[in-house]
Every structure is written in structure tokens, then in C-alpha cells.
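Once you scroll down, you'll see the structures, which are given as C-alpha cells.
Two complexes, one shared chain (subunit A), two partners (subunit B, subunit C).
Moving on, here comes the complex of A and B:
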């Protein structure tokens, strides 16, 4: 009999939601969902880009630094008194910038054949330095009308983040149906075999870093709209959280298996964990530990279940 | 035309020498004063020791392959530094127990990493990242933000006391490097480590206990990070709850600059020593030049990129 597998991350999501609901009775109110999602959206967007790179067998350690570049750029170029016209231009430019720095990563990985993890680690310094060059000290920002729009817009009573996530999912399903999607999984599964069957491996690898740069730029825009201020190191912590979200979402770091949906839910689960820790009246000194321990447990659970099953049979 | 091949450790050492000479030409460099040049070289070497020891464990897990990496090294350095500081509490008699505690704590954390990676099939990157969070959490619980204690006089003496004109830390590092070489090249542990790094399936078929080797490697790496923390606090004499963080990513970079393949199976500790030297030199060079943080980061990134572009390439696809 074929076993229907219910993705593990959905179990985590259900359990985490229930615990949250218990701790915070108004958790499912649209306003609460909105305030949770708008904080998580930058991580979700970065995780989506990261998932695509990882699916193709790479990794992008520089994603957080790209977020920082975009944040520094927008905070200095739009400023607290910027008008919508400049803002539109600058936001468009920041998306192009994200793709451009992503293309640098892609070039090094695809053309020079450098190991992705150390290569993007090196470019994370380049990009992080660039962000600091743009904005040496925290400052600048966006007009409060922009942040208010990001914070409170709920078209048809549904949080803005839902629409963004829906668009991302739609784009992903489009990509997956196209030849590109098949190539992506082929490259991540076995690059040598894919190359021999005529898949343009280098081009696909290159494109994933451009996508990751673009998604990091979107994440940077969302983060700037969320905070309304500039800080050239704000994106640094997003990189590793995004990778954790991708893995919790069921995408293997070795590439070839997984998807975007898992990464999005994985990012939300990480946010729910953080909520639990802050709402459960845990002593301040214990919060870091409890949060990290829950994450490690969540990572360990699939393996534990497998070990137990093997023990029973 | 035959390509000129320079082995990565040699290239890294050459780069270190070039960087050092360049640093002498700076306006506030040592110029033609050999005594000052010697003092500066000694100082850089001494600083590189601590990164070098922390990066030793990183070298082992990276050689072990299968995406091996240890992101918990920074947190383990902090934990063992704090343990050392509070156990020693200023008394020479407590130094040995403190060293044991540092090794034990590091080894235990490494063992948990190894068990999660081998038995639960968690990828090393996220497993060790998760453990880094757990250990940082533990540190907060233990210290509640402030650490009491002191290091013992004997620790500073051993690290700083001149042996044949150089501070004790340097001969200790050389001896440590020799031991690492013996471990990698002359023991079955080393042989099996390279075997599982190259190909785990063939290693298993030729009789290597892959699970035990991989688990053990992470445990040993944890112990080495613990040793690193013990030495770091012996050098600084003070401790704070982020003392290990600055060692984490440089430890990985040192391994890569030293020519150890991040895909595993190939590398050496001498390369890592040279890599630690290059990174320490570069950092201190940029600090002396009073470059802003932004330029410092970009130069570090560019150097790393150039180093790995020279010899870190993977082979091309072939039909």
C-alpha cells in the first residue's frame, strides 16, 4: 500500500498554532495574524529565495547581507520625507540591485565553479561592507505613511502578507510547471547526470542566485517598510534563520527535494516558536535556550520517528 | 605549457609574508626597523594561535565531508572560556580541573552534534547552528549576564613567557600542529577520516565504521573548540558572553584559505595554520590602517574570494 505522507512541517505548524492559541486567545483574530505576519514576511521572502538555491544544490550565505544593502539603500535614498515618486523609483532600483549582486554570486558559482558555501560567505562580507559604506551608522528611514501602509493594509480584511505569499506561490507554481522547474530539481538531484542529459546546469545555477538576490531585495523592502528605519546590519541574522526555515520545511540541504511551500510554513513555524517563548512567561534568561531547544527538537523529530519505527519492525 | 602548481598551504604562507612586508611599508608601519618588525611578527603569530586552535576542530569536521561544518564552535569557545574563568577563580591549582571541564563540555556538545548528524540525519549546518543557539542559551542561564572568577597567574605565564625569545603560545601551537599532523597522517583515525570524507560508501565497504567515525569527529572538534576557549581566556584574562563569536566564521575561512576542500576528503592542518595566520594578519593590517568597518569587511571578503578562486574550484562538468 502506498503510504500517504503528511508533511512533517504541517504537524509542527498545527501544534505550534494550537499552543499559540492556548497562550494567546485572540491569536486567530485577523489583526493579530496581520501583526504576526508582517514581522515574518521578510524572513519568509528570504527563505523562499534560499529554498530555490538549495533545491538546485547550492546555498546563499550572502542573502542577509543583500537584505542589509537594500535596507541601507532605501533608508538613505528615500529618507523620512521621501515622496511616493522617488520611493517607487528607489524600490525598483533596489530590486535590480538585488538581482545584480545575486548575479555576482551566480557568476562565481556557475562560471568559476567555486564552492557555494564559502563563496557566498566571502561575498557576504563584500555585500555587508557595501551596506555599511552606504549607511555607516543606523539612521535614515522611510516616511511614516509608508510604514503605516505596510502595517495596517488589509484588503478585503485579509492581511497584506497573505497576498504577497499568494503571489510568490503562484509564481512558484508557474516556474514548476515550466521546463525551468524540472531543470531545477534535476540540477539539485544530480548535476552531472543533468548535464549529460542536456540540462543547462550552469545557467540554472546562475539563475537561482539571481532569484535569491531578488527575493532578498523583496525581503529588504518588506523589512524597511516594517521598521521604517535604516541599519546596515539588520539583515545579518536573517540568513541562518532562513536556512533553518528551509530545512524545517522539508527541503534537504543536499538539494533536489523539497519546495517553496515548506520553506514558507517553516518560516512561519519559527515565528510561532518565538511567539510561544515570549508569551509563555518564561524567565528572560531561559528564553534563548528554550527557543533554540524547540528548534533542535523540531529538527530532530523526523529522525527520531524514523529510528523508533525502525526499532519496532 | 605546464601549469605552475603551488600547494595551498604554501600559497597562504607566501600571502602572509607579502601582507606582512606590505604592512611594514605603511606610514605607521615598522619601516626598516628590524626589531620592531620582529616584535610585530611575534605578536601576530601569538594572536593567530587562538584562531588556529579553534580552527583545528573545524578542519577535522570539514575533512570528514558530507557537508561537514561546525557552526557551534563560537558558542563552545564562549562556554569553555566562561567555565575556565569561573572554575580557575585565580588559583593555579584549579587550572587542570578547569582544562578538563572545558574539554569535557566541548566534547559533550560535539558528541550531541555528532549523534544528531549521524543517527537523526540532520544536516551538519543546521544541527550545529541549532546547538550554537542551545549553548548560547545555556550560557545565559548559567551566567545571568555576569561571570565571576579570574584566571590563574600560571596561565598568563605559560602563554606569554618567552621560550627562546618568543611567547610560550607559539611553541605550544607548533607542538599542537605537530600533534594534529600525527593525528591526520599517522593514525588510523586520520586515515579513516580522509576515507569517509572522500566517499562514505566506499569507506564503509572497506571496513570503516562510518557512523562512529563521523560522531567521534564532531566530539573531537567540540573538545578542540573547548581547548580554544581555555586558551583564549588565558590570553585575554577577562571573559564576556560573546567572547567566542568572533572566532566562528574566521575558523571556517582559515580552513578554506588553507586549501582544505569544503566538500571533504582533502586538506591539512598546516594549511589551516597558514590560513589562520593570513586572516589574523589581514585583520590587524586593516585595523592599523584605521580603515572603516565597511572597507575592512570588503577587503576581507575580496581576499577570501581571491584565495578560493585560485584553488577552491570544483572540476568542470564533462560529457
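Moving on, here comes the complex of A and C:
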């Protein structure tokens, strides 16, 4: 069903922004926005891929592990003294690798019809193991000129991440206007009906895992540019954060409703929550708890509102 | 007339069950072929083989005299075979236009969807059924919350939007009201003249004789007869379907007279009940009475039953067995010995993958203590299965292994185990075959003889006439006409459904 009312995630976004502004007066300065967004970009990219899988009724638990693979791969193959030529080649290769491991997920889930949550949980260890093989101990990295470029480039005074997000939104808009977008919603909404109508259901499901792999690879590239170093477990925490971002963004885990825009804002909201916790002078050992409590509350809010409304009638 | 699609000796097995043993069918261009058979005779399976949803195990399909093999529904669709599915193939989250044009959206150059054309063509299709909708139907209305009849119409529009050469209508009229059926038949006549071949799968004899040119009968997965409909009577066809058994449309039952009913206790007294879609309904239901609710689909009958069962907020007064009852939750209604048998048995009434035993006992487990006394539970469930003459492999088989009629008996049985005094039924025989219906009617008659009160909403006029003591005809959320005794005839019922008043009729 189309949401006609103001999306819940935008309320969260506004509240989180206001609190941030209160705690950190220079919050809306381009430089601050840039520093916030460059940290969030890896999560945003992974969340976008995750949203597409979830829209079509699946889930990709291995996305974080794919990020780790790409990070380990780039950190070892480019290295601290790498030249731009090698870097371009390796980045291209890492995108192909992301799609390839995504295709493995797709094969298991779409072609063999195995449970996506179990299957991608299992492959997440496979991919995580692969990342550890590539880079057993944290190390390696990228030349500082690369990370500096990622950190400080603001074409026309606008943070680099804005351009990336705009490109992603543009691609999504194109998909939505093409048959593929309709197929995505149809498969996630009611796969039986889509099949009877003649939608290539398995192919669509397969493709969503390839897209998720590709987006995770982009996320891995951004994360490596952000940290400038390699760590084979760096992506692990991204999986659940990305799923949380997708759900806060209004995409139903059952599939068929939602979109990419919500997932992007959801990811930003998660980042703003984290900012609030770290700027509010909350003692370190409370931070995880408070951050998690805010997320739980945000997830539960639509349900709570429904419950209260029902109580009134 | 040329043969458009021909099925020869089709075989389909599901494990040990043979769904189709030897089914053959010829569909000519420019005619309506009525495919008939009892539930479980293989009509739906045969339809699904012709449209590529199910892959056959044996036999041959010929399209325009070429042997064809459909690997997927898409392949069949591209060859011009389109289907109105019984269980509908709509995606609830998507809009009317998106559903109708899924997989064949009009595209602009560059592969993007042409929204203007999409909208215009959808409006053209909706115009075919203009005036028969109860809600405002637009191309961008989401399909999910729509009433069943409108979903059905969208399913029909979706099937014809590909301009098929062969159109399969599988129980396409089951959810439609009279007016909508007549509109569909006008359209079918038109499509016939344009050279489409139409397969009409239905349980409704009236409709088969009204629209069909030829018939083909399936019994237990085997084709047992075909020919021209005008040579046949209703009883001929029923005899072919059920082999030997005669159809009992009317249950032999001594109906209580008005005086006798008035002498009985008033079991339920409803005063000025108002709810969403119900605008002030007053009636009395006596003990041992079989009271019918009729009228066009979607005139508040469903909501009335839900409100009485406490599943829909309402105002007004309900008295049950001389004590007031105001229910805000079905649990309270159940405690006062009310039971509601829902119409959508798959989605509302049954856990399809769980056993018959479990389905019977879901509302009554508390009677079996802790830990559950399974021996007693099995005995109770088996007794109920026997008294309903349920045709099943065993009490532990999943409900999904039962035919539609038998599955419906399980829904009723689970409420009977709670020993209700008042049984409310929401269009219970929709999509059930003749044989199972007759048995079902006997069951209802027996319950009334035992002193229970039955409130039956049905979209099947003959059922109401043949079975009920009184029929309340609803129109626009109100009881428009009450028919009983000699006044309870089909012409009165139809006239009242279409808005005639009590004075005009009696």
C-alpha cells in the first residue's frame, strides 16, 4: 500500500537533526556534514543493496562479510604505496568480486530455493573466512592521497557523498520506471501471483542478491577509502545496521513495500543517533545501551502509535 | 469453427495422487466452452496446464494444430493464452494499473514505463465495468483493501488486457454480484464475436446455461463427456458430474411455519444495529430457525455478521437468550455460544498445513487440561469427523489434503465442538461442488432440528430459497425486504436484491 501520510522516518530525521543541532551548533556547516556523511556512506550503500533484496522478499545477512572481503582485497592489493593505475584495476575487480559472491547467494536462494536468512547467514561465514584468508592480520591500506581525496573532496562546496547518493537515487528512479522495478515489488508482494502472471520470479530474486553484492562492494570501497587500512572483520557490524536502516526507512521485512529513499534516510538517522550519544557526554559504558535503546524505540514507535490509536476508538 | 487450443489425454500426478488421468478438451474460436466437474475433478489443474502454471506429466497440447510446450506462464501468455485465476493473481501492495499491466506495461523508447498510456488504457478497461463498483476505482488505487468483487473484476481486466486468443475464466463469477456477472457476460458475448476462444469454469449451472455454447465434463481427472449445451438439461450434466447420484438442490426438511417459529424462544434479538456498512438493522432469530441473509454482494451482510460476533465496532442492542450482550471481542461472543464460520476458509478459518485434528480443536484446547489429554482429544475429533462424514485419509493428515467442501466442514466442525447455540455462516458454499453442497445443507438442517439457530449469508439465491425458513434481503446496509413462505421465490429474491421494496413485492 502506498503511504500517503508523512513517512515516519522523516519525523525521526527531523527530531534527530534538531537534537544534533542543539548539541553541536556547527552541525549544519558543510564541513561537518561532509565529515558525518563520509563516515555514513558505507552504511548507506550497503543499506541500499539490502533494501532491494528485502523489497523482493529476501534478506542478505552476508552483505557485511562482502564489505570485509572487498576491504581486505583492496588493502592488500593496492597497499600504502599503490599507484592510481593499480587502484583503478583493483577497484574494478572488487566490484566484479562483489557481484560474483552475490551471485553465489542468488544461486542458493533463487535457484535452489533455500531459506534466504539461513543461507546467507551461512555464506556470511564463508565470505568472512575468505576475507581472513586474504588478510589474516589487520594491516595494509591505501595511499593517504586516496583517503585525503575521499575525506576532503567537496565539488562546488557540496560533500562528495551527496553526489554518490544522488547517483544511487537516479539509478533507483530509473529502475522504478522500468519493468524491473515493477517486477521487484510484485515478487516481494506476492511471489505466487507474480509467477502466474509471467514474471520471471527466480531471475528477479537472483538479481537482487547480485545487486546487494555490488552495493556491498561499493560500501567496501568507501569504507577502505574512509579508514585507509585493512581489517578482515571491518564489515561485520554493517549487516545488522543496514537491515535496521531499511526497516526504520519503512520497508517491510515481508517485502513488497518501501524503497531506497527510506533506507538512505534510515541509515542517516542511525548515524545521527550515534552522534547524539557521543556528543551528549554519556559515559562510555552507557553508550551502546543508550544507542540501542533509541533504535529499539524508533523501531517500535509505529507499532506503539497503532496500539494507542486502537485503544482510543 | 477452427480449433484454437486442444488438449489430448493430459496426465498429471502429484506424488501418489492422480489429479488428471485422461483429460481431453477442444476449444474452438468464437465459442464459450463450459468446463464442468465436481470439486477435485481436475478442472483447475487442467486450466493450469493450459496456461503453463503447471507442467504436465503426459499428453499433448496443440495450439492451432501445432504441438506446444509451455515452460512457464510467460510462454503461454506470449502465445495468447490468458487466465482469470480462481485464487486471483493480484499483488495486494500494487495499484490497479500496476497489477493489470504487470509484465506487459506499455513502454516508452528507452524501456521506461509510459505512465500516460498506462493510465489511459487502464481507464478504458475499467470503463467496461463502469457503474458496477461500490467504491471509487481509479488506476492508482491500491488493490489490497478492495472488496473481493472488485479484485475479481481487476483480475478479469488483467487477463483481457493482453488481448488473448484463448481466455480461461476459472470461477471468475464466484465473487461477483448479479449485475457484475451480467456485465461480464455481455463482454464475453462481444469477445466471442471477435473470435476469442473462452473456457468458462464454474459451479453455477444458471450461468453455464446462460453463457456456454458447448460443455466438457471432468470426473476424477477423466473427461467423461462433451457436447452442445442446448441438447442437455441441468440434470443431465449433474448426472455426468456425480455419476448416478441425483442432485438435491432443495433439502427435504419440514420447515416450521411462522406461528411455530413465533412460539419458539427468541435466541437473538438485534435492535437498530449500526456499524461500518450497516445502517440500522433490526431482526429476531428464533431457536431452531434457519434464517437467510441475501442481497447483492457487499450490501453489509459480511459486516453485520462481524459486528454481531464482536469483530467490528457497532452501536445498537443485541440480546442473546433474553440477556443483553455487547461484544468488543469475538472471545466474548464465543462465551455466549455464538460462532462465526468465515467465508474465506483458506485465509480466515484454517491452518492449512496443520492436521485436521489440530484444526478441529484450536478453539477448544482448554477443555483438555494440562498436559493435554490427547487420547480424549483424538476421540472427540474423530467423532466430529464421523458425524460430518468427512472424507479424509486420517485425522492427522493436513487440512490442505482435503477438497474444498471437506475443508469447509472442518471449519464448521471446529465451532460445533464448542457447542454453539447460534451459528453464523458467511457465504460458506462459495466454490464448493454440488455433491458437497447437498451434504452441507443436510448438516445445517440437522443442526436446526436439534434446536440451534442458524444465520446464513449466501450469494447463491437458490441456496437461500431451497434451505431457509425466512430470508432477509439486505440492500445498502439495511434490511430491505423479508421473504418467507410462499413469497420466498427466486423472482422476489432477485427483485429485492436489485432494490424492490416490501410493498412492491407482496
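We take it that the second predicted complex is superposed on the first by the 309 of 313 C-alpha atoms of A that agree within 3 Å, B and C clash if a C-alpha of one lies under 4 Å from a C-alpha of the other, contacts with A are read in each partner's own complex, and residues count from 1 in each chain.
One rule holds for everything that comes next: a contact is a pair of C-beta atoms (placed from the backbone, for glycine too) under 8 Å apart; a residue touches a chain by one contact, two chains touch by 3 or more.
No experiment lies behind these values; they were computed from the predicted model shown.
Participant: Which partner does A:32 contact after superposing on A: first (subunit B), second (subunit C), both, neither?
Facilitator: In the superposed model, A:32 contacts neither subunit B nor subunit C.
Participant: In the superposed arrangement, which partner chain does A:185 touch: subunit B (first), subunit C (second), both, or neither?
Facilitator: Only subunit C; A:185 stays clear of subunit B.
Participant: So, does A:24 touch the first partner subunit B, the second partner subunit C, both, or neither?
Facilitator: Neither subunit B nor subunit C is touched by A:24.
Participant: Which partner, once the models are overlaid, touches more of subunit A's residues, subunit C or subunit B?
Facilitator: Partner touching more subunit A residues in the overlay: B.
Participant: Does subunit B (first) or subunit C (second) touch A:153, or do both, or does neither?
Facilitator: After superposition on chain A, A:153 lies in contact with neither partner.
Participant: When the two structures are overlaid on chain A, which partner does A:126 contact: first (subunit B), second (subunit C), both, or neither?
Facilitator: In the superposition, A:126 touches subunit B alone.
Participant: Based on the superposed arrangement, let me know which partner A:291 touches: subunit B (first), subunit C (second), both, or neither?
Facilitator: After superposing on A, A:291 lies in contact with subunit B but is clear of subunit C.
Participant: When the two structures are overlaid on chain A, which partner does A:244 contact: first (subunit B), second (subunit C), both, or neither?
Facilitator: first
Participant: Using the touch definition from the top, say if A:197 reaches subunit B (first), subunit C (second), both or neither.
Facilitator: Only subunit C; A:197 stays clear of subunit B.
Participant: Could you tell me if A:257 is touching subunit B, subunit C, both of them or neither one (first, second, both, neither)?
Facilitator: A:257 contacts subunit C only, not subunit B.
Participant: Could you list which residues of subunit A make contact with subunit B in one structure and with subunit C in the other?
Facilitator: 192, 195-196
Participant: Once bound in the complex, which stretches of subunit A touch subunit B?
Facilitator: 59, 108, 112-115, 117-119, 121-133, 136, 191-192, 195-196, 201-202, 232, 240, 243-244, 247, 252-254, 285-293, 295-296, 299-300, 302-304, 306-307
Participant: Quick one: which bits of subunit A touch subunit C in the complex? Just the residue numbers, please.
Facilitator: So the residues of subunit A touching subunit C come out as 1-2, 174, 177-179, 182-183, 185-186, 188-190, 192-200, 256-257, 313.
Participant: If we count contacts the way the header does, which residues on subunit C are in touch with subunit A in the complex?
Facilitator: Residues 53, 72-74, 76-77, 83, 85, 88-95, 98, 102-103, 105, 107, 111-113, 140, 142, 144-145, 158, 313.
Participant: Subunit A touches which residues of subunit B in the complex?
Facilitator: Interface residues on subunit B, with respect to subunit A: 67, 69, 71, 116, 119-123, 125-127, 129-134, 136-138, 140-141, 144-145, 249, 252-253, 256, 261-263, 292-302, 304-305, 308-309, 312-317, 319.
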